[in-house]
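Shared between the two complexes below is subunit A, which has subunit B as its partner in the first and subunit C in the second.
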Partner chain A sequence: MSAQTLSEKMISKNHMGINIASVTVGVGILTFPRALAKATSGFDGLISVVISGLVALLIGWLLAKLAARFPRQTFFDYTAIIASKPVAYALTLLVCLYTMLFVSFEIRAIGNIAKQYLFYSTPVEMITLSFLLIVQYAVAGSRIAMLRLNLLFLPVVLVVIFFVLVFTTQLLEIENIRPYFSSSWKSLLEGSKAVGLSYSGFEIILFYTMLMRNPEEGPKAMLLGLFIPVSLYVTIYIFVIGVFSAEVAKNLTYPTIDLAKEVEIPGGFFERVESMFFTIWIMTIFNTCVMWLDITILNLTSMFRKVKKMVWILALSPIIYFVAMLPQNLVDFFAFADAITYFGMIIVYLCPICLLLIAIMRGVKGHE
Partner chain B sequence: MMRKFFAQRRKKKTSPFSQHMQQRQTPELTLSPNLADNLELFRTLLGNPHDLLIRTFLIGNTNHTCAVIALDGLADSDMLHNQVLGHIQLMISTSEKSVPPEPDEIIQLLFEEVLSVVEIKKETSLTAALDCILSGDTALFVDGSSELILIDSKGWKTRGIEEPVSEGLVRGPRDGFTESIRDNTVRIRRRVKDPNLRFESSWVGTRSKTELIIAYIDDIVDHEMLDEVRRRIATIDIDEVEESGFIEQWIEDDFLSPFPQAHNTERPDKVSASLFQGRVAILLDGTPMVLILPVTIGLLLHSPEDYYERWIVGTLTRLLRYLAAFFAVFSPSLYIALVTFHPGLIPSDLAFSIAATRDGVPFPAFIESLMMITTMELLQEAGLRLPKPIGQTVGIVGGLVIGDAAVSAGIVSPVMVIVVALTAISSFAIPSFQLAIAFRMIRFFAMFGAAIFGIYGVILSLIAIMIHLSNLTSIGYPYLAPLAPQMPRDWKDLILRAPVTFLKERPQALHPEDEIRMRTGDSK
Partner chain C sequence: MNKRFALPTILVIVSALLAGCWDQVQIEERGFVVGIAIDAPRTKEVEKRAAKEAPRKPKVKQRFLVTHQLVIPGGLIAGSQGGGGGQNTTNEAFLNLTSEGDSLFEVSRELATRTSRAPFYQHLKVLVISEEVARTPNGFANAMDFLLRDPDSRRSGKVFIANGLAKSIIEVKPKTEKLPSLYINSIGENIEKNARMLPEVRIGDIHEELLNPFSFVIPRVRAEKNEIKMAGSAVFSLYNQMVGFLGEEETEGLNFLTGSIDGGLLKAKVKGDLVVLNIQGTKHEIVQDLRDKQNFKFTIKIECEGILAEAYALMDFLSKEETKKLERAFAKEIERMCLDTLQKVHKEMKVDVIKLGSNIRQKEYSLWKQIQKDWESGQRLYEKSTIKVEAKVYLRNVGSINRSELEEGR
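This part shows the complex of A and B:
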């Protein structure tokens, strides 16, 4: 294929940014106002959103720098260069475990929420399984085609959330947002941690930078990629608090979906907008899920080059499905989610930052 | 730098193509100097057909026997009378020079002076001569010479130029392609007076020897793509080709996909517009359907009329069409999902009235829709195949059976009839028949999804279709360009149709070598 067509097989800066936004905006956005409202009081949650957004940006910037040092090299490759092969094997395997667990979490989340908002009798097992099959289908195709789905779905999702926000503006009560600046530093940090869980995902830059046309644009892509979720989270949090007040928001399982519940479309063409909202929202959860599974496969194939992609997909899917079915109830499920994120913090934030430090100290650099 | 690189590659790539074409020739038979032998050989090769015309005559006073051979009906007999036989005989009586004694000199004389025909050539190979005669040329023999003259005398009856049946327009040119490839190239040349327009002729079908022309504009088309098209066409190894559909199916990227990966049209204006965009057209003799490659989803959903009407009209029509595409695929599945799984999503008044009309319908919504949609497919298919006078009957029967009778018999609900009608009308609003067929197929897929998982199944099937489309390519070009991959510059001619003065560049998605359409705008 031509040089032009080849360059189409790579991803641009903006595309990378949209990938990051797509992977970040997923299940977290549906639940975070609850945790945030619990930790802080009302309006102050915004400060937490911004703080954790900035922290995410800092970490993301470091990760992007690390990946940009080694253009066209997989995570496994450059970890091996920086910190020897055995370390690379161990770390990459742990990353695979993390991303795989994340897929389990996402598909289970789909099952849970769909069960709550769309179905009466269909079992969670079937909902989850059908979703996993579609995810498999997406991962089985070409990687760039899979990433292009982000370009198609993210705008749709953003438009839908925009409509929800527009239609709930009239329900916004300033009274609910008060009091301002009453939370202690401790609770603000507590809140930041709670939101921080919803930002996880931007670490895909570690793995997808090798597909970028100009890897040195990674940090800029990170800025764009995190700008979308940060502004989205800020707006949604204001709306959730403004419509429900912090007291109510604390007790809602999925406050963002419940926000959509309040929407009344003039003309009465639809009722129960939250079902429609969640249905569209499946697209972005799908994107998140597909990218995580793809990264799992990407890392595994970078370690074991002889095993085909399809083999991994078929081998991992039963495990993913099984793990997804383990949590028995919502409490278990959210504990599971938190556990994954804490695990991820060490594996994909802390370790790579250490790697970056070592790389800088040793002066190791990849070459194009 | 880039251009040089491409130019070099171009040279390299074209040679295997022409080699390949030569390899397909049958073993050579050469002419013998004896006229009777040659004629006999022709007769036996063709199985002594009744439509083979052989006229032998003597040239002047030299006693050299000559003969013309042609196939009756393929060759233009008026032209043979006036320009060939007439001239030869006139020459003998009026020429001041005497006819030379040597047969080869006679051939030379005839070739250079006598025959007043534009396209004429000498040939020594009998096989090549045979091919030419079979495509309507006339061969002229002179006894004693091992050369013959081939005269282009193609002149069979062709259909006149008519309005395209499959693609009607309110505003736009009325001419369509015909079965004759020569007429079709003329229709394109009439519109593209660019010296860079190229017609690359070859043939496909080892037995049918159907002429195939790859048309493109040399300094616009992406030559990498062109080479790929040539390579794929060179792989075609089939004995007969009746329609461009054969070519399409040979060269498509993914044979499992329900979506068309080459666009066919019988509108010359569409072809010329596509050529100017940087696409390639493939013309085949014997069919009015011209293939346009590569396909992007926009090409299938746009109609030439979008450009002929003013931009506001064009944009709104396009919006309507995208909406129609959505309805054509998803309206039955949404009906199933809403009625079966989520009656709560419908406003309660409407939900009650739907429930009331469904009262007494013995089938679940899925079976009901499946029956109705299948009946509609049947009607559509029956209407296509029937002779026109009976066609109206289908309309009446279909309208009554599907509409009124089915409802009053209590088999389906009236809402279902509305849904089916909406689906049908929407799928007729798709300009490309092939895309409409693809939509008809995936409609069933979405209906099954809805039957199992309700609206969740509908969105999953939508996602699955998008995954498929995102993976799909046409001659290596992403099908969903310029949406995915994103090419914002092309968006002014996607859903929106910007005013023509704004459409300054050719679509980026096709990598045209010359990207700019309007150069005058720059200098202002």
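This part shows the complex of A and C:
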């Protein structure tokens, strides 16, 4: 036995994959069938899911390659090596802004949806605040232990979703799914763009590779990490279309929630399956949210080494909470989500890929 | 952390979190709505009174008379008598509250002024809409919007159209069940026993039908003194407006045409006497010939299997020829019934409730894109198409006996 405790142990390839899957499955899982059904004509949307999954995999692979070049170094460190310190400061700060906005978005999503379906008269502010407090608590502890929660939660999430889907099979109607393959390429690409927003999150590989036992296994972890959401989205999408038809899916605010609400198991406790669905969904959002906040703190402490972690948590929380309260209604909220994702595309996809190119051209490599 | 801060922090958090639960509702305070009936108002009195109170309030043309059926849990317990200290004095398990308004939400909130239990829609089982409301333009869709939009309600309640007053449907006092709504709900589940009932239509299905450019049907119910009868169907045009009823026989024909029969019976005449088939399953296929746009040809092939349930005709049911004869007689009867239904929905009402359009959409999507606007409206290609029916019956079994009576006995 090594002297290391569990909380100090490096993470393995599969654990990294689970982390990626946990962070990717978030708010998007509830809304993507609507966006997808709107863009494509029904069933074909699943091609879009796969296309954008492949694009995500390609980007993720590049990001993993970049991170693997610099084992045990933070994002800030290797950006500084590749493209000078000032650039590293600027880029890392922007990344912090992005991840912070993401935390705001997730906690607001919890507030909105919990208010709509669970707490009709509790103010959104209160729901959001209590969720944020729990997220703070999780981030305050050991990083590896926090990531270990993903290993605990994700199987539960997948099992419950599977359970919900099994019980909706009796409502599937084949005429809702047909016709197959009737959309044009343009609409499929449009759909890919729409569902692409639900894949954001895999960029955590940029920051967490430093915790991996074998950083060169990053690309493989990415494969596992994206395989889970892609197959999950494909299944959910087929079920949403099969149960509701494309026309209805377009007109449901949260198609996946309504899918869970359709299920009725006669007798007692499990009659209302959506309560279980909400529980596990909040678990996934919790994971996502905790990881984003942790990455924010991770990047900030890598830049300003003297400031303690706890200080950052306490300083950032009010800002995160304030930003989360900014969107005034559902339309604002969705626009906010899209804006973050587009911002993220530049900051955490485009810039790191450029960094990778520069690193390859200049032949820069990290030291083991 | 500093001990100085610990106590104040805990106090703040505790006061915020333990102050109370905003959403606490005791189960005794919930008014479980199990059934809703939507009618058009009989008189204009309420409207006038409302107009007098607030003359400049926004108004629409249409008003609804909505009856909510709430459960009184005490009444559900068998043998519990009124005097036992409960609120229940009449020993009835339900309470019907009728209110009028031009929005369903308004009516729902108005109930809060009249009952101690605020309405709670998660257990809604039955929604009955009167013919009168369904026949007004957009009336049906307007009546459905609240229940579809409300995050509190579910899409699984069953929807019926009342022949006459919807209110009287949920007011029947059945002998077998305590709650009229549950009684109606259970009747809706007997589709396997009778082919004359339309398969259940759920609130979620209605949303689908309202959004899709097709005509559709909803089961019809009629109230009698202590019971209801669920047979026949209400036909809605693609504009979501009710255009008429189909009778019981026509509904059976429609069920054959759409392939939604799981069980039921089929009567035919052989040698001048009745034979009855107990249907055990059907198969259904639509063959389409879409070469000529002005004259689409559809052949609906129906295969039906069953066992002999009753026979007055005197024949040897175990012989091969006689069985063939019987099967032909049953097949002919199916064809007759389907053609009667077609006569009505295709030639008279001109609505595509057999979902032939949906069939084209599923199989020939590019063609459908072109003719979508000209199917039931525009050039009316549906009306111009030819529909044929071919039925085939398989008699699997003749029951426990061959003959019940000999020829000489008559």
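In the analysis below, the second predicted complex is superposed on the first by the 355 of 368 C-alpha atoms of A that agree within 3 Å, B and C clash if a C-alpha of one lies under 4 Å from a C-alpha of the other, contacts with A are read in each partner's own complex, and residues count from 1 in each chain.
Criterion: contacts are C-beta pairs under 8 Å (C-beta built on N, C-alpha and C of every residue); 3 or more make two chains touch, one makes a residue touch a chain.
These figures come from a predicted structure and were not determined experimentally.
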item: Subunit B versus subunit C as contact partner of A:279, first or second or both or neither; value: first
item: First (subunit B), second (subunit C), both or neither touched by A:122; value: both
item: Touched partner set for A:264, first subunit B, second subunit C, both or neither; value: second
item: Subunit B versus subunit C as contact partner of A:358, first or second or both or neither; value: neither
item: First (subunit B), second (subunit C), both or neither touched by A:175; value: second
item: Partner chain(s) touched by A:244 [first = subunit B, second = subunit C, both, neither]; value: second
item: Touching partner for A:326 - first (subunit B), second (subunit C), both, neither; value: neither
item: Partner chain(s) touched by A:159 [first = subunit B, second = subunit C, both, neither]; value: neither
item: Contacts of A:130 with subunit B and subunit C, given as first, second, both or neither; value: both
item: Subunit B and subunit C footprints on subunit A, overlapping residues; value: 118-119, 122, 126, 130, 272
item: Subunit A-touching residues of subunit B, taken from the complex the two chains share; value: 2, 6, 222, 224-225, 341-342, 344-348, 452-460, 463-464, 466-467, 470-471, 476-478, 480, 483-486, 511
item: Touch list for subunit A against partner subunit B, complex; value: 1-5, 8, 12, 14-15, 114, 118-119, 122, 126-127, 130-131, 134, 137-138, 141-142, 145-146, 148-149, 151-153, 268-272, 275-276, 279-280, 282-283, 286
item: For the subunit C and subunit A complex, residues of the former touching the latter; value: 13, 16-17, 21-23, 122, 151-152, 154-156, 204, 207-208, 211-212, 355, 358, 361-363, 365-366
item: Residue numbers on subunit A that touch subunit C, as the complex places them; value: 41, 116-123, 126, 129-130, 133, 175-176, 178-179, 182, 244-245, 247-248, 251, 258, 261-262, 264, 272
